[in-house]
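You will see two complexes here that share subunit A, one where it goes with subunit B and one where it goes with subunit C.
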Partner chain A sequence: MASVKDYKTILKMLVKEPAGLTGLIIVSAFLIWSLIQGSLELISIYTKNPRYSYMLLPHNPFAINPALALHPPTLAYLMGTNGEGEDILSRILYAIPRDAFVAIVVVFSSIVIGAVIGILSGYIGGWLDEIFMRITDAFLSLPALILVIAISVPLKANYFGVILGLSIVWWPTYARLFRVQVLEVKNADYVSSAPIYNISKARLFYKYIFLNVIDPILAYATLDLGNVILTYSTLAFIGIGVTPPIPELGAMASNGLSGLPEAWWWPLFPGLTILLIVMGFSLLGDRIQEILMGEVMY
Partner chain B sequence: MEIYVGKSIRKYYASSKIGLLDRLTGKKPLFVKALDDVSITINEGEVLGVLGESGCGKTTLAKILATLEKPTYGELYFMGKNALKNEEFVRKHVSIVFQNPLLSLNPRLTVEELIYEVNKNKKEVKKLLDLVGLSYDYVKDKYPNELSGGQAQRVAIARALAKNPSLLILDEPTSALDASVQAQILNLLIDLQKELKITYLFITHNISVAKYISDRLMVLYAGKVVEEGSANDIFEKPLHPYTQGLISSVPKFGVKDLRPPSGEAPSLITPPSGCRFHPRCPFAMQICKVKEPPLLEVEGRKVACWLYAR
Partner chain C sequence: MKGGFIIFLIRRIINAIVTIFLLIVLLFILLHIIAPNPLTLAKIYSGNPHPTYAQLLVVEKEYGLNKPLYVQIITYIWNLLHGNLGEDPIYKVPVINLLSKYIPRTLEITIPATILSVIMGLISGAIAASNRGKGLDYFLRGVYLVTWASPTFLIATVFQLAVAYYLKLLPPYGIVNPALTSPPNITGFPLLNALLAGDWPYFISVLRHMVLPVVSLAVANFGIVTRISRASMLVNMNADYAKLSLMKGLSRRKVVYGVVLRNASIPIVTLIALLFGSSMAGSVAVEDIFQYHGMGWFITNSLLNLDYVGIISTTIIVAISVITANLIADIMYGILDPRVRVIG
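So, the complex of A and B:
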């Protein structure tokens, strides 16, 4: 058994094996690029100078050029151009930070909400547990995607609306995970004897319970970041939360369908990007889970 | 003077959850009788040993006395006050040490944090670690899983002592340790008891350990007290057939003659009628199967056996 605080051991284990290493490389590249490009996009918004937002990109992702429409992949336009002559690679690179932001915000808020509900439910039990778990069941009985659509469409949600919608429906799995873990830790002597040693409730919930149950949940969260991106892209694919002309991977893939079969590169590359990112998180998450749960000997 | 008195403590656990359907069909709940009418008196300054096999209710007794569980029936008086109504008062004065230090110390806290959270005085933390024979500089930043079993148990003892308890409940504190470490911890506990004048309730299944450390001894069998008295007397001349069996099942050097009680400990859901030991007892009589023996005063101690009834 490893614990998240032994992150050096976890890293060593990850790079030893091709699947974990691949996941780590994809996810690191995705996160680092998101950080750099995301900062530039924010700077361009605050300085009101759009040039900053594409200074690292091969082309201006918003430059409409009918003469270049549906230009196939070449050295100058590695992934070709779309029906409006915009460079697809630049648009993909421009869109990536938004996916990272959605994933991190939704998973983080789910961990926070799930921790509060799961820990109270598991530790206190009784009728509180019943109420919390029936609410959780109600959320889990419908697929998250359908629920987000039901919330976002009537509200005409924009980007942040979709983040809010996803956060509202995403926490129940985490509440369940926390609750199960808490039920296990609750009977450990260090938790059951806490009242004798005058441990405050806040300290008990955080230092005694939360920190001792968080490892498997973090492993799941890594994997889940990919699921959020997939759901977010699906929403964009059907046009929810998209504000043209801002590029968005799912929306690009969906628009690109009109270029098939001649302009195959138009939907293909945005779709492949989604696939790559989600796969990266799956590989990494799976592997971290194995290392943390002790299925791997070392 | 008595520090803790428990009268007729009973603790029943529901062995299966009774749902609505079971209630409608009139199914009766099954209870595990972990403790059945156990009375206990702990005198100030003594080491009271509680001896018994696993599943006889030792740990349940420890948890009830430490206010971590409530008895189903029974009365508890700590320093003269009703313990069930003054939980906070009891908790101020009672500490507990468990069998496995890796399960009783929060793995996310360093040794220093573990003791500091109980006694918020850095100097005291250092003193306590010195007291249990650990070097402060060596252990303070270590996590419990970075220590050996013996070292971790010393930390657990230091933490238990950090609040200056009047009563220290030791629930099999040496059972998870190697023999040599076990001896060190036992000596440490004896020294600490002499130095700090704390009362110990020492729970164990190990007869030699019980003999080594106890002033007075209580033998439990299937949730009942079978014999109680001065440890010397009991080991010299055990009266109850179960105690006799236990003592003759301790291996001795150079002697190849072990005579453990035959059979196995009974189910606590449906305990045998009459005396709970009668199916295993070599001296069982007719009355043993029918009537439960009372705790009789014999030769200055208490025995629950019909052999001594006149």
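So, the complex of A and C:
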């Protein structure tokens, strides 16, 4: 048993085992690249100089070149080119920060909403619990993908619309997790004796409950970042999300279908990139869960 | 005991109905928060990117969008109970007619995919558990890790490329060979129609077109079954009854795959509804890749056509089918494991 607070111990245990180490390397590479490339893209928007956004990439991801269309993978174009002659590797690298952003925002907002609903539901109980849990049940009864599709049209289905849509449907799992945890600590002495010491409700909920039950939820959240990326890329695959010509992994895989069967590299490399990222998160999430809880819960 | 089961059954059915209604209410509330004004709503419902003011007023009147929210919800549920989901603005026919054509085709791939993923997961979970810590265990865990982390569209694309385009074993897209005339539509399910009419060439063609979508969905979803059945097998293999069976002189193979697997597979029942739900979600991408014209293809097309009535109706029908699957799984679990009835 360890706690998130001794992150040094967790890190040491992670790097000892090949699965945890692989996960850690993939996830760190993904996040660091997203931070660097994402900042460059923001700088290029701010300075209105597109050159900054691709200064680290092997090629300009927007350079349409019919002469190079459907060029198979070579040393110069490691992942080949698409139907318009754009370099696929550069487009993948350009697209990655958007996936990181969507995953972090959606999981973070779900933890916040889930904590509020789950803690109130578990601590107060009664009819409030009944109403909250009925609502979470209704949300959980449908796959998140279908729910986001259902509300994506009124949300305008652009990038920020998708983030909002995913955040609206993603929190119920967290509400459930928090509620179960709260029910466990609710009768512990340090929580039940809180009213005697005149501790405010806000302080009780945050310091005594939230911070004490957050560990298993953070372990699940690590794994869940990958789930968000999977759903987000499937939405992009069917045409909801980032507007062209901005590259997006799911949308690239979908466009790439038109190159089959000859240009296999066009749909496969974006899909494999998603696979690698999601695998990194699930390897890391599993290991963190093992370290924090001593076993994998499910 | 018998009375207890009936009460359990009734509670679960009421629960399912409440969940469906609540989901409809939540969808309407969300929609009204996003588009609070009747004219904005009318624009979403119109299926036309640039409608005129007069057109908007017509749409507003048709769907009663200017009425209070609760009236709209009650009217919608009332109509739903009568099988009326409104007219599709793009195809100009009742949506229910479109859905009764597309939903059975999707069920025809998602139900077999769910069954196949359970079978694949149980077998690979049992093999992994009985070879715990050996190479085969690590290999199977690697396989499910990869399939689990794969987007469904990647798996479907790989199958289409490898099996249909390179090996040319199966057709790469479509529902049936278009050269064949379809048998009379009795059930809505192409496969059953062909079977009832005794039309074997049609039946085989439908079957050949089904294989790749079904296998793609099953491969994308079986990982969770492997994982849970492996864990459950490991717990059960140490149980007293398993040790007793070994002591009685049954072979290890018989104990693992006969006695333990049967007990360990009970928790998998709770996964069936989840698997069915993820197959339904996965079918959206899979049907797009294999050009399999079912519910997933219809919803993708509705997105392109801005056909909001089509999208919301499909969502609600999918919700009803997933919640029904959940109910069936719950009841099955209650039959298999009587302890659940008390808690429920």
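Convention: the second predicted complex is superposed on the first by the 293 of 298 C-alpha atoms of A that agree within 3 Å, B and C clash if a C-alpha of one lies under 4 Å from a C-alpha of the other, contacts with A are read in each partner's own complex, and residues count from 1 in each chain.
Just so it is clear, contacts are C-beta pairs under 8 Å (C-beta built on N, C-alpha and C of every residue); 3 or more make two chains touch, one makes a residue touch a chain.
Note that the coordinates shown come from a computational prediction; the quantities given were computed from them, not determined experimentally.
For the composite obtained by superposing both complexes on subunit A, the positions of subunit B and subunit C are free of clash and fit together. In the superposition on chain A, contact of A:198 is made with subunit B only, not with subunit C. Taking subunit A as the reference chain, the count of touched residues is higher for C when subunit B and subunit C are set side by side. Judged by the touch definition given at the top, the superposed model places A:250 against subunit C, while subunit B stays out of reach.
Look at A:135: by the touch rule set out above, it reaches subunit C but stays clear of subunit B.
Legend: residue contacts after superposition of the two complexes on their common chain; A:240 is shown touching subunit C, with no touch to subunit B.
Using C-alpha centres, the superposed arrangement gives subunit A a vertex angle toward subunit B and subunit C of 90 degrees, stated as a multiple of 10. Residue contacts after overlaying the shared chain place A:293 against neither subunit B nor subunit C.
Once chain A of one complex is fitted onto chain A of the other, the partner contacts of A:212 are limited to subunit B, with no touch recorded for subunit C. Of the two partner chains placed by the overlay, only subunit C lies in contact with A:154; subunit B stays clear of it. After superposing the two complexes on chain A, the shortest C-alpha to C-alpha distance between subunit B and subunit C comes to 7 Å.
In the superposition on chain A, the residues of subunit A contacted by subunit B and by subunit C do not overlap at all. Interface residues of subunit A, counted against subunit C in their complex, comprise 134-135, 137-139, 141-147, 149-155, 157, 168, 226, 230, 233-234, 237-240, 250, 253-254, 256-257, 260-261, 264, 267-268, 271-272, 274-275, 278-279, 282-283, 296, 298. Contacts from subunit A toward subunit B in the complex involve residues 3, 188-190, 192-193, 195-199, 203, 207-208, 211-212. Interface residues of subunit B, counted against subunit A in their complex, comprise 63, 66-68, 91, 94-96, 98, 100, 103-109, 117-118, 159, 163. By the touch criterion given at the top, residues 18-20, 22-23, 26-27, 30-31, 34-35, 44, 145-146, 148-154, 157-158, 160-161, 165-166, 172, 227-228, 231, 277-278, 280-281, 284-285, 288-289, 299-300, 303-304, 306, 308, 311-312, 315, 318-319, 322-323, 326 of subunit C touch subunit A in their complex.
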